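Dropping the structures in below, format is structure tokens.
Shared between the two complexes below is chain A, which pairs with chain B and chain C, respectively.
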Partner chain A sequence: MSTPTIWIFLPIAVSILLMAVHRLHKLSVWIAALSSLLFAAAAFIFPQDLDFSMFGRHFHFDSTFMILNRSLILSASQLRFVSLLYFFSFLWNLTGLQFSTSRWFPTISLAITALWVSALAVEPFLYAAAIVELIVLISTLLITPRGEPASSGVLRYLVTQTIALPFILLSGWMVAGIESAPIASALVLRGTILILIGFALWLAVFPFHTFLPMLAGKSHPLVFGFVFLMQQSSLWVFLLKFLDQFAWLRNLEGIFPALQWIGVLTLLAGGILASLQSKVNRILAYLVMTETGCALLGIGLIAQGGGAFLALSFLPRALAYWQWSYTLSSIQKIAPEVDGSFDSLRGLFRRLPFHSASLILSMLSLLGLPAFGIFPAKRMLWNIGAGLTLPYTPLLSLAVAGMSLFILRLLRALVTPEPNTPSSSLLIQREEPAWQIILLCALTLFSLLMGIFPHLFLNPFMETLGAFSELMPPN
Partner chain B sequence: MSFETLRIIAAVILLLCAAVNLVRRHWVLNVAVLALQYVCVFLIILEVRTPLLAAIKLIVGLMVSLMVYLILRTSGLIDSLFSRQRLTSGEVFRGTIALLLVLISHLAAPKVKLSIFPQSSELLLTASMGLMLFGLFQMGTITEPLYLVIGMLTFLSGFELLYASLEFSRVLEAFFTAINLLLALVGSFFIVKDVESRAG
Partner chain C sequence: MIIFGILGLLLLPAIALTISQAIKPSFARSWFIAIAGASLAWLGAFFLRLYLPMEVELVRWQPESLYHTAIGLRVDYTNWHYLVAILALCVAVILTDSSRLSSNTSPASWAAILALTDLNLISVMSRAPLTMAVIWAITDLVELFYLLITLPSPDTKGKIATLYGVRLISTFVLVAATAMGWQVTAGLDFTQIPPTASLLFLIAAGLRLGVLPLNFPMQQTLELKPGTELLLRFSPVVSALVLIAHLPPEILVLNQSLVSIISTLTVLAALYASAMWLTRANANEGRPYWIVALSAFALRCALNSQPEHSYVWGMALLLSGGVLFLFDPPIRRIRFIPLLGLLGLLGLPYTLAASGWSALLGDGVNAAGIAMILCHAMLVGGYLRYILEANSTVTGLEKYARITYPLGLILLIQAMLVLNLAGWYDARLMETWWGSVASLGLVLFGALLTNRLGIRLTSQEIKEKIPFYRLWERILSVLRDIFSLDWLYASARWLFALLEKASAFLRLILEGEAGMLWSFLFLLIMAILIYTQVGQL
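Right after this comes the complex of A and B.
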């Protein structure tokens, strides 16, 4: 038995099984959620030497699985990240019961998770580009809204991601055996440009982000949140793999400052564009953008401790996305007349106070407000970034100000009723089930606990990026 | 007729097929031309692949074309092949662009071979660059699902042709096969949704 068999082939087998029972929605959701939880827990507690004894028997697991002369390698150091991916799948599947996303969501979400794990495990790792293309193609089946034609956002997403494939694959071929070449040779520069363009397209960095708000505006918030959380988290790790394995790339002068600038500009664009938004559905796209900007800035600052930012932020970011997507989906279920525009949200605080508060709090959490889960990571990033180069400070501040402005506008819309509303309806009307109130409060409380006691909740994830020993040498 | 002459003819027909797909908006013609395009890719790729391996691309390509054809047929979207003859101004514009793209790929191939891909033949480079350019142009200018999928398949065919001359890996071949089939599936899904929303 090997680790790729457990975390790649077994989930794919479960996913195929789920295809057979996809009409039994509840059953397939439960199977997908519980198997994801099982895979996540197994990856989290798996021994580092891949050896363990149970019931008096000794088990040893190989980290390598050979297929057509190529290998899938899933080492113990990668398992922490694998556990996070399956945990995300668990979270999103768990909410699938409540909302009518798609009958195929459990099947496809599990397959997508397994494919992302395989993308991180395949050797030569450049072949992961083809796996990413497969994931994108499968994802389009999910993010295309039900009962509507494929929107231009979906088509643009498909095109953008497909164009990235040749860039990544050609970069690998072009720089094969380049270690002996001089560091500034034309070949190195060519390879670097191909890699950067490929990742820019994949990660939808500014100005290749145009499909993101279009998609977010049309897709189900939960589906959009899941697809892009998985995509961005895995691609950041994949970018780290490039930097870790290609010595010529990480030793190239200017590569890390270039990543920092790309990150800052994407963050800035996300913040400013968010401040101008008047559709709450589309805001998740800008959140994805700003988080990508932060992550690229973190990768650019890897030598100064940016890796810790990435490792500490995976879980709180996912929880904040989940809270935002869940709350928005729930609002649209309870109040179908809410179409996402600020006008339709007017006075919603009186009808759905806990949902309204949850929307605001999840955004504040992502913004890095003190005491929330992502704060320790964001504080680290702001400190390193602002302390390193002077021009970053005003740009980062502007990005945060843009996002804050949106939050204030949203808050105003939520608490301000329509001008002609009768005074009797200005009283709080309770339309929220008690269990949802408890869930939303528990989510916020958990985020606060993560922020207040990061050593308890986040430190176990510091080892998430331990596989990149060249890029982040162990102390 | 020598094999080299056959390959040159195949390359010319290949670019002509891509040009027809870019210029004409006639679904049954587009699907037929797409299938012919894959036959030409098969003949050109024989330069760097054994007939057995090259046949995989041919079979996959024909399957993809058949899949798209069947979905168009079951959706009731197939017109007669000879139903419309007159050229529109848009088609004339795209035809001019097609000529330009053929010219660019023909003129750029020797330089690209010299500076980037020395192991690939000029003919293969012309064909692959031509397909990629046609695919890119189609993807960038059209939002109708069928043409977008044809554009993506054309773009990927061009890239596969180029990559075949650089490296061989069974795993990658398997991935490309899966991508092509899945793309056809996604395209069919989009076409069906389009039809359903129009009917609804």
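Right after this comes the complex of A and C.
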């Protein structure tokens, strides 16, 4: 038995099984959710030496699985991240019951998770580009709304992601055997540029981000949140893998400042564009953009401790995305007339106070407001940024200000009813079920607990990036 | 342990009140629980004085090498006064709230008062800026949702959103200041703030106080009960004042032009706010100006390199202000009680604010110093005016209210006296005594002049009695328009609308049919740039 069998082939097998029962929506959702939880828990508690004894028997797991003369290697150090990916799948599947997302969501979400794990496990790792393309193709089934033709956003997503594929593959081909070449050779530079463009397209870095808001405006918030959370989280790790494995890449002068600048510009563009938005559905796209910007900045600052930011931020970011997507989906279910525009949200606080508060709080959490889950991680990034001589600080401040402005505009829209609303209907009239109130409060409370006790909730994920020993040498 | 005891004495009664009201409502029992908890906590604060400085570490984020952070509380000689003042205010509010016939007081509001005071105390006792930022964030959110749920008026809700915006910015400025500070000392606490970061800390406090830039997003919320509202308005102010008191004295070593700009803005804010305070119809209407004017005094102390003396004006803001604002209904027969509140503001030798003058006026006499004396005179004048104008005669007060209402006011005055005697040594020094004398002289001159001319600031006759009244009115109106910063917000809105249009146009291009072509164009441009770069190698 090998670790790839457990966390790649077994989930794919479950996913194939789910195809057979996809019409039994509840059953397939429960199977997908519980199996994801099981895979996440198993990866989280799996021993570091891949050895354990149970019922008097000794089990040893291999970390390598050979297929078509290629290897799938899933070492113990990668399992923490694998557990995170399956935990995300569990979270999103759990809410699948409540909303009319695609009937194929449980099947495809599990398959996507397994494929992302395989993309991170495949060696030579350039083959991962082909797996990423496969994931993109499968994802289009989810992000195309039920019963509607593929929108221009979906097509653009496909095109952009497909263009990235040759860039990554070409870079691998171009720089094969380059380890012995002088560090400043033109070949190295070309290879680096190809890699950067490939990742820029994959990660929807500014100015290649246009498909994100188009997709977010049309897709179900939960589906969009899931697809892009998985994509960005995995691709950041994949980028780290590139930097870790290609010595010529990480030793190239200017590569890390370049990543910092790309990150800062993406963060800035996300913040400013978000501030000008007046449709809440599209805002998740800009949140994805700003988080990508932060992550790239963190990777660019890896020598100064940016890796810790990345590792500590995976879980709180996912929870904030989930809270946002869940709340927005729930609002649109309870009040179908809400089309996402500010006008349709006017005075919603009166009807759905807990949902409205949850929207605001999830965004504040992503913004890095003190006391919330992502704050300990973001604070590290700001602390590192403040110590740099490069003029990042004003740009970072502008990005935070842009996002804050959107939050305040949203808050104003939520709490200010239409001018002619009769005074009798200005009082709070709750239309939210008690269990949803409890769920939303619990989510916020958990985020607060993560923010106040990060050493209890987030430290276990510090090992997530332990596999990149060249980039982040162990202390 | 004492710190936890004080916090528990507020939190537990708040929970007990809520539960007891839900199970078996009883007004008397609830009142007793609230007042007992608050009074014991207040007495506990005096007991705490014996053990200063006291420090409690709540949470340490491990590993130390990664986080360098411990969330903790500390009570020292800088923030203990604020602790006493907040608790005194809490007791006074509960005592006076129950005596108001008009305010329809309820046990729920006492529970809110206790919980709010508890949060306030944690904020005041923060050991490090990061702890303060965390508490600011939580307190602001609690206040935001409390106000949104309590207040039905749509206009007020819009203002609440604006108010929250200012608080949010101030929290992020505090976080940025902390990040700057960490470049010098990782995991710094309030005793280690470096001068390089102190200006950002000052701006964070100034924003929260409404001084930098001058902002009055929420003038008054009439829908709230007076006591609760007073605590809500004072709550962000107190922690910002504590932050100022903790700043290092070396602010002036920083960028001189920036310090000059901030200094000028502070003086202008103080002048405008004190003039507005003097001319409002009643004390409640003038409350935001009172807060801004005395906050500007505290900021001036920091700018004059004596931030440790800013608490003098902070105490005046809370205690003297508390007495005046809780004097509602303003019963003529007992107006001598709030008059005693002036003790905390006058700054005469051997009184509470005596040591504040040297910090306020700085070295020697200059224009800013004169402006500050003028501001002080206007504040004192306004204070006197609002008390002397008290002419209510309330009948039908409950028996207990005849005791609790004045008792609440006396309690604040008593807090002033105790702080005067035991609070700090400086209060008993004869320093810069001429500041208070000059200010009192101005008040007397103003009083005589208005008396001579027979002017009452709110009367209609004023138009006829003041020479060139229409000119003055016009000048004041222009100044009011400038300082309200409405023009700035209007310009920002106009600019934003313009940007929105530009963004919509850009979106149309990028997300339209030709959007992919634009992406390719970007790629092409990048390829050309790359080619040029490679060619140069």
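The rule we apply is simple: the second predicted complex is superposed on the first by the 474 of 475 C-alpha atoms of A that agree within 3 Å, B and C clash if a C-alpha of one lies under 4 Å from a C-alpha of the other, contacts with A are read in each partner's own complex, and residues count from 1 in each chain.
In this text, contacts are C-beta pairs under 8 Å (C-beta built on N, C-alpha and C of every residue); 3 or more make two chains touch, one makes a residue touch a chain.
It should be emphasised that the depicted structure is a prediction, and the values quoted were computed from it without experimental measurement.
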Should the pairing of chain B and chain C on chain A count as a clash or a fit in the superposition?
-> fit
In the superposition, chain B vs chain C on chain A residues touched | C
Could you say whether A:159 touches chain B, chain C, both of them, or neither, answering first, second, both or neither?
-> both
Please work out whether A:434 is in contact with chain B alone, chain C alone, both, or neither, and reply first, second, both or neither.
-> neither
Go through the superposed model and pick first if A:137 touches only chain B, second if only chain C, both, or neither.
-> first
Which partner does A:54 reach: the first (chain B), the second (chain C), both, or neither?
-> neither
Would you please give the vertex angle at the Cα centre of chain A, with arms pointing to the Cα centres of chain B and chain C, as a multiple of 10°?
-> 140
In the overlay, chain B and chain C get no closer at Cα level (Å) than 5
Which parts of chain A are in contact with chain B and also with chain C?
-> 152, 159, 190
Note: in the complex, chain B contacts chain A through residues 116, 132, 136, 139-140, 143, 145, 148, 152, 155-156, 159, 162-163, 166-167, 169-172, 174-176, 178-179, 182-183, 185-186, 189-190, 193-194, 196-198, 200
Report the residues of chain A in contact with chain C in the complex, numbered from low to high.
-> 152-153, 156, 159-160, 184, 186, 189-190, 193, 197, 207-208, 210, 213-214, 273, 276, 278, 308, 347, 349, 353, 357, 361, 364, 368-372, 375-376, 379, 382-383, 385-387, 393, 397, 400-401, 404, 407-408, 411-412, 415-417, 419, 421, 423, 426-428, 448, 451-455, 459, 462, 475
Chain C residues touching chain A in their complex are 59-63, 65-67, 69, 71, 130, 133-134, 136-138, 141, 145, 148-149, 152-154, 157-158, 160-162, 164-165, 168-169, 171-172, 175-176, 179-180, 182-183, 496, 499-500, 503, 507, 510-511, 513, 515-516, 518-519, 522-523, 526, 530, 533-534, 537
Residues of chain A touching chain B in their complex?
-> 67-70, 122, 127, 130-131, 133-134, 137-138, 140-141, 144, 147-150, 152, 154-155, 158-159, 162-163, 165-166, 169-170, 173-174, 190
